[in-house]
Amino acid sequence: MFYHDNKLQYPVRVDTPSPLFAKMLQQAIGGVEGEIRVCLQYLFQSFGARGPARYRDMLMDTGTEELGHIQMLATAVALNLEGSSAAVQEEAARANPMVAAILGGMEPRQYLSAGMAALAADANGVPFNGSHVYASGNIVADMYSNVAAEATGRALACRLFDMTDYPGMKDMLRYLIARDTMHQQQWLAVIEELGGHQANLPIPNSFDQSQELLDVSYDFFATGIDGTETPAGRWTSGPSLDGKGEYRVRRAVPFGDEPKLAPPSPSGYAQRQQMTADEADTSVTVMTTGDTQS
Amino acid sequence: MFYHDNKLQYPVRVDTPSPLFAKMLQQAIGGVEGEIRVCLQYLFQSFGARGPARYRDMLMDTGTEELGHIQMLATAVALNLEGSSAAVQEEAARANPMVAAILGGMEPRQYLSAGMAALAADANGVPFNGSHVYASGNIVADMYSNVAAEATGRALACRLFDMTDYPGMKDMLRYLIARDTMHQQQWLAVIEELGGHQANLPIPNSFDQSQELLDVSYDFFATGIDGTETPAGRWTSGPSLDGKGEYRVRRAVPFGDEPKLAPPSPSGYAQRQQMTADEADTSVTVMTTGDTQS
Amino acid sequence: MFYHDNKLQYPVRVDTPSPLFAKMLQQAIGGVEGEIRVCLQYLFQSFGARGPARYRDMLMDTGTEELGHIQMLATAVALNLEGSSAAVQEEAARANPMVAAILGGMEPRQYLSAGMAALAADANGVPFNGSHVYASGNIVADMYSNVAAEATGRALACRLFDMTDYPGMKDMLRYLIARDTMHQQQWLAVIEELGGHQANLPIPNSFDQSQELLDVSYDFFATGIDGTETPAGRWTSGPSLDGKGEYRVRRAVPFGDEPKLAPPSPSGYAQRQQMTADEADTSVTVMTTGDTQS
Amino acid sequence: MFYHDNKLQYPVRVDTPSPLFAKMLQQAIGGVEGEIRVCLQYLFQSFGARGPARYRDMLMDTGTEELGHIQMLATAVALNLEGSSAAVQEEAARANPMVAAILGGMEPRQYLSAGMAALAADANGVPFNGSHVYASGNIVADMYSNVAAEATGRALACRLFDMTDYPGMKDMLRYLIARDTMHQQQWLAVIEELGGHQANLPIPNSFDQSQELLDVSYDFFATGIDGTETPAGRWTSGPSLDGKGEYRVRRAVPFGDEPKLAPPSPSGYAQRQQMTADEADTSVTVMTTGDTQS
Amino acid sequence: MFYHDNKLQYPVRVDTPSPLFAKMLQQAIGGVEGEIRVCLQYLFQSFGARGPARYRDMLMDTGTEELGHIQMLATAVALNLEGSSAAVQEEAARANPMVAAILGGMEPRQYLSAGMAALAADANGVPFNGSHVYASGNIVADMYSNVAAEATGRALACRLFDMTDYPGMKDMLRYLIARDTMHQQQWLAVIEELGGHQANLPIPNSFDQSQELLDVSYDFFATGIDGTETPAGRWTSGPSLDGKGEYRVRRAVPFGDEPKLAPPSPSGYAQRQQMTADEADTSVTVMTTGDTQS
Amino acid sequence: MFYHDNKLQYPVRVDTPSPLFAKMLQQAIGGVEGEIRVCLQYLFQSFGARGPARYRDMLMDTGTEELGHIQMLATAVALNLEGSSAAVQEEAARANPMVAAILGGMEPRQYLSAGMAALAADANGVPFNGSHVYASGNIVADMYSNVAAEATGRALACRLFDMTDYPGMKDMLRYLIARDTMHQQQWLAVIEELGGHQANLPIPNSFDQSQELLDVSYDFFATGIDGTETPAGRWTSGPSLDGKGEYRVRRAVPFGDEPKLAPPSPSGYAQRQQMTADEADTSVTVMTTGDTQS
């Protein structure tokens, strides 16, 4: 279960309120790369963890930490919306500083719905969506989902860092960026501890690989039509990362035939014309389009 | 631009229609781990690719391949819904095989909305949501997002493999599982080619790391209260994966103070009672809960 | 503004409660083809109608009628959930008829969230989504959106009709199906009144067509690669429906070149490796995949 | 900031796994009445609290408690999905207990996406949606939102209690039901402390009420057409709850006229026919429908 | 069933079009506090009402009234988007007034999708979501949901009132604000009529309260760790609002133990490493973080 | 299956980057009228096509073409976000051109989430939603859905055309507008080929029309209360478009009675007060509201 104190994990200082930046910070709260997502993702992975308890406990530690990050960012939003600043007033066309802020590009629901506070939504006001809480039951799949979340999350934090000149906001972000540095490597360290590529690929490694169609397991399929070149890379030749195959490149061709569905069943209520035998199709001659631009 | 032929990438054979399996296959079409997601994800990464063209072209190849996988799975759904099978008829309580199928647990919208065909939705009928199309502009963040997608996607395909006894469906899945094997390692091979952990961590590696609060960049924060043990692991000591720090474990404590927001502005329409000075708060004595279960 | 009386537009009689059918009826309430959608769609088209007032008024009439259909269907759901029926009790494994109903395949939220009543959601419990309220400001575009809604809506009602044997439910549906018959033709009658294809195509007809690239305005583009036949049809030759062109078939070929994006900007926080000059790409030789299935 | 230990707030004991009940429990995790919602709602209200700090702190206490309820329920889901039970095996048509469970009506994504664990979604698999996190900046509005959440949440918990016979699940629920009892009254106690109806209504009480159209502030509008009776109630006569008015009942009639929008602007790309002067509308004679049912 | 006339419930007059205000008004149409929500909420509560018919009829009256409010607001949006105003033209950089409006901060889809009219969406363009239609089957839970909707709705209307200087818009809003005043007290009057707190708490009052764990039914749980004070309040001591208990404060402690899930089943396709016995976990010594800020 | 080359279907040339236009173009990518929708819609219709193969093949051709349109538009977005332009720099308040662009009204997630590239979302950042992929299994319903998509899509493209002065963007749009011209008529041509209104209405034409309540199949219901005129139109008299009926206008009146639901079941956990017999309702006298505006 969970506990709290009344302090922030790291100081949140707003030198000059910026309603526009308050909008941008929402992406770090409720966006797909944001803190609600990683908080719930790590906690759900922990709640459903099977196997060694150490990973469950580690996920709980970091999931709990992330809840404090939501708090920091929500506090930063609220402070950035406080209307007393001279800077905001200067750009105001009218007496009401809230209205001026909205005219200046702020997220309208931070005022209209929240009375100048943070929302559980992203920078466009799109509500947080729980389908981004990845917890697959496979620890390596989950660790890669976590790395992806922290990699896009750190990119987001760096971009936010670039958008503000205020030292208080920069200071908060350099803390959050540093934590993302750790978290990326924390999840990758689990994979290393579990044996790295050779021990873990393909994921899940508990599926009997002899059941898959090994003939295409290490092939790069080139879907470009004739004349479209395919660049060479680590994935086009040489041993596969799992040590179990050899990469090669093959032109993508159909192994299958044309799909044939049955005529519609009466209960499906297609049009009657769909239920009759196919008329003799006549194919047409196709012109090649040339240089037709006027 | 894109082209097609009229064949399937791999044969799709349904021995005995199973409306229940048609529902499950929806997860591989429109679920968060599904083929619409990876198809659009790789294509959007390709469309927005900056930097070396070889990654853009490779993403295009595989994104185009995935579109063919949607086609295979949608064909499998349609064939699993065809009502002619004896097995389906046997379990039918009434004359209409579609109705019988629905009574047997099928996804109702495959009949009600699609007339016995696939939807752009997951196994619960939740529509595909474009926010899962991760394309961050950072190639390593994207590659990890792709590995996460293929890792959860292969786990899904293995679970589907386990749910059917029919050879046709198993054969289709062993093809798709094999392709996921390749795709996982294809994305990881890009990271290896770009220099692996040391060259790429932390992501993005183009942010000047001296700007982050390095004091906490390699620390595992233990948020467990006193008496809660923290297990040792690769992430608690030793050199960090990026070779730039040393892991350590610290108890999570607040660096910040209690957050202080300003009183509500009149334009925010809080209650009047929120706008007055805080009454002298009196704190209470807290009882410790004991063994109260009856 | 709006008024009501306390009666139903048409009798709703449930002979034998069927929790499963209550679930299916949800599609007609909150599904994409359902009554909340058409009710709001026609009313929003009316509220925003510009031009002749007669269309605005007609839309108001029918939008108001549809609200009564939501009421009928919600009443039907509530009655189908009433637990007194012998049929439900027979299939119950336990004393509680609600639980038995849930075990029998009902929509769980009709019980858990609504206490045995209808939801503003579809047959899978996916909430009604306002983005399906099409009101484009162009009357012919709107009429076609309305026809599409009533065509899929009548297909849905016919499929529901097929799923029940109870005369009360069939009677309600034959009323709703008849209304859909009218509504489809009502919207098409507006288009006929406005001059049909020749006067209205292409939509919007207020765009100066000389500004579009007329060279491709009546061409069917065949994207099949060589060897993929293209069937002839009304759309491959002969005069176009708007009388302004002649259909023809052309092979889809690129008019454009390879897209070239600039290197990533530093503020975008791509990986450093994306920012350097493209290494000399080496293309590979592509094998043609043969008959590799085991 | 936040802390944890490794124990559950209350014991979670699953006597006999029930995949069907695991599905139902999802509503209490990720449904609109569920624990993710109240957890985030109370925390966001706390993070954005302006005015007396005591309410902020109280909200933090209870928001933190709710996070532990998510953990309890997620644990209950995972335990209910464990495949070892005889009961589950008996109803299985095949050797694989997971598959048998799915055939028995379980939420498919608990297996397909989560490998037998909880999701951040409701009982239909609809993902948690952050727009349900109500935090308005007005404390009384928020308290009523919280009462509404706990009232629907306790109704949900009671319904879940009715759906299971297993003592372990019943015991967990009688704990959660008791907590909802407290939380309902906790939020109402805040309103009482702030002065109750007379001091707080209408909400927000900081809007200058003389600016609203007081003529209709205490009127019940009867929208029923002639012949539709309007029942008497506490809201139809007598002093209003805020002590500032007197209830009365009035027939709803339009104060306004027909709305008149301008003709469409050329840039709106309506049809040309919408831009011309309205033709002389001719109204029709309307037949009164009689007893037309066959 | 439902009827209409062609007039507005209250006059909607736009003195000077403001595309920015048209965007803000969307929140009152399709936002979580908006009129589509309350309209459908009251109507669905009415359609599913069980018990005394008088509440069903009252809900129908007010739900029908709310539909007229959607009409008023949609009309206000359309009028605010009309491009003829001098004010809009002045701020325009180019000849096209619609484009100028968009450049000035308007909701782009009001032009792009609706041709200058209202959408069934909120101020950020997020579509109306039917999950906000609360109709629980419990009348007191529903009344509190309705109060919450009207309290946040009136706060929204007051904020909108503050954002405009135009007398026409202010006049419309003072009507809507007045109606919200009534509706808040109308729902609370139902609760009073039903007996108030003592007769109705806890909600639902039909659950046998002896079945809940009464030991924690009136306890405020303090989750703050040692040193975090808990403020006293109406909810920390004294008789509970329902008259059935006595409030007290207890420190939140776990009643339960560490949760223990079974090892992953083979069908779950976890990693093999998760299926083996837990290695001997070694816990680490945790450093206490000090004042580390540079 | 699918193939690609590395070129664009039509040239995409950005003369001067416009981050604002990049935001608007999102509507054509991920909006309800956008290219992801039509691409998936035509492909899903093709994948599930039953009946004559020629329609399946035609849908495949055009669905594949639309994928190339997504590519064109995504390329246009990326180019419009490139920060090197003088125009963007001029409006920048600070050194960082990306930040300046965001301040100028751009979609923030194109920077924050995508690093200056396109998203699978609409102009407000609302993610693409798969429920807009209409594929009903009835070919005429589908063709009308396609016409509706192309009609709203062409209106969108015309509006975008109006919003830009740059020749490159206008040229791309005049290509896309021309393709929409063709596609509208292509789908209508299918309906003509299948026999037009008389052969196809009502949709589905495979439902035995004698089962519907023919008495109301060609009636326009006037829901306006007394005194509200109903305009005459093609749909109020004369032969119906399907040639099977005669239009007429009838006043909408209830055929049904007041709905009567059973009292709540104990398991539903309504309030106890809802379960008792209805008290004798007393109806009130309703005042008629007069001219009450101050």
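Per-chain numbering from 1; labels A, B, C, D, E and F assigned in written order.
Going forward, a contact is a pair of C-beta atoms (placed from the backbone, for glycine too) under 8 Å apart; a residue touches a chain by one contact, two chains touch by 3 or more.
Protein names from UniProt, one per chain: A, B, C, D, E, F = Catalase.
Here the structure is a predicted model, which means the values were calculated and not measured.
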By label, the chains that touch subunit B (Catalase) as well as subunit D (Catalase) are A, C, E, F
Dup interface of B-C (contact pairs over half shared, numbering-based), picked from A-C, B-D or C-F, is B-D
Cα centroid separation, subunit D (Catalase) vs subunit E (Catalase), in Å, comes to 8
Note: subunit F (Catalase) sits from subunit D (Catalase) at a C-alpha centroid distance in Å of 28
Residue ranges of subunit B (Catalase) touching at least 2 other chains are 1-9, 11, 32-33, 47-48, 50, 53-54, 57, 60-61, 64-65, 68, 71, 75, 78, 96, 98-99, 105, 111, 113, 115-116, 124-127, 129, 131-132, 136-138, 140, 152, 155, 158-159, 162, 203-204, 207, 213, 215-216, 219, 221-225, 229-231, 252, 254-255, 259, 261-262, 264, 267-270, 281, 293
Among line, ring, star, complete and other, the chain contact graph is complete
Per the touch rule above, subunit C (Catalase) residues touching subunit E (Catalase) in the complex are 1-9, 30, 36, 40, 43-44, 47-48, 50, 57, 60-61, 64-65, 67-68, 70-71, 74-75, 77-78, 113-121, 127-133, 135-138
Subunit B (Catalase) partner, complex, touching residues on subunit E (Catalase) are 155, 158-159, 162, 213, 215-216, 219, 221-222, 225, 229-232, 236-237, 248-253, 255, 267-269, 281-289, 291-294
In the complex, subunit E (Catalase) touches subunit D (Catalase) at residues 3, 5-12, 32-33, 53-54, 57-58, 60-62, 64-65, 68, 71-72, 75, 78-79, 82-84, 96-99, 111, 115-116, 126, 129, 131-132, 134, 136-138, 140-141, 144-145, 147-148, 150-152, 154-155, 158, 161, 174-175, 177-182, 184-186, 188-190, 192-193, 197, 201-204, 207, 209, 211-225, 229-231, 233-235, 240-242, 247, 252, 254-259, 261-262, 264-265, 267-270
Per the touch rule, the subunit A (Catalase) residues reaching subunit E (Catalase) in their complex are 1-6, 11, 47-54, 94, 96, 98-99, 102-103, 105, 107-109, 111-113, 115, 124-127, 137-140, 194-195, 199-200, 203-207
Subunit C (Catalase) contacts subunit B (Catalase) in the complex at 20, 23-24, 27, 31-33, 105, 122-126, 152, 155-156, 159-160, 162-163, 165, 223-225, 227-228, 252, 254, 259, 261-264, 266, 268-276, 278-279, 281, 293
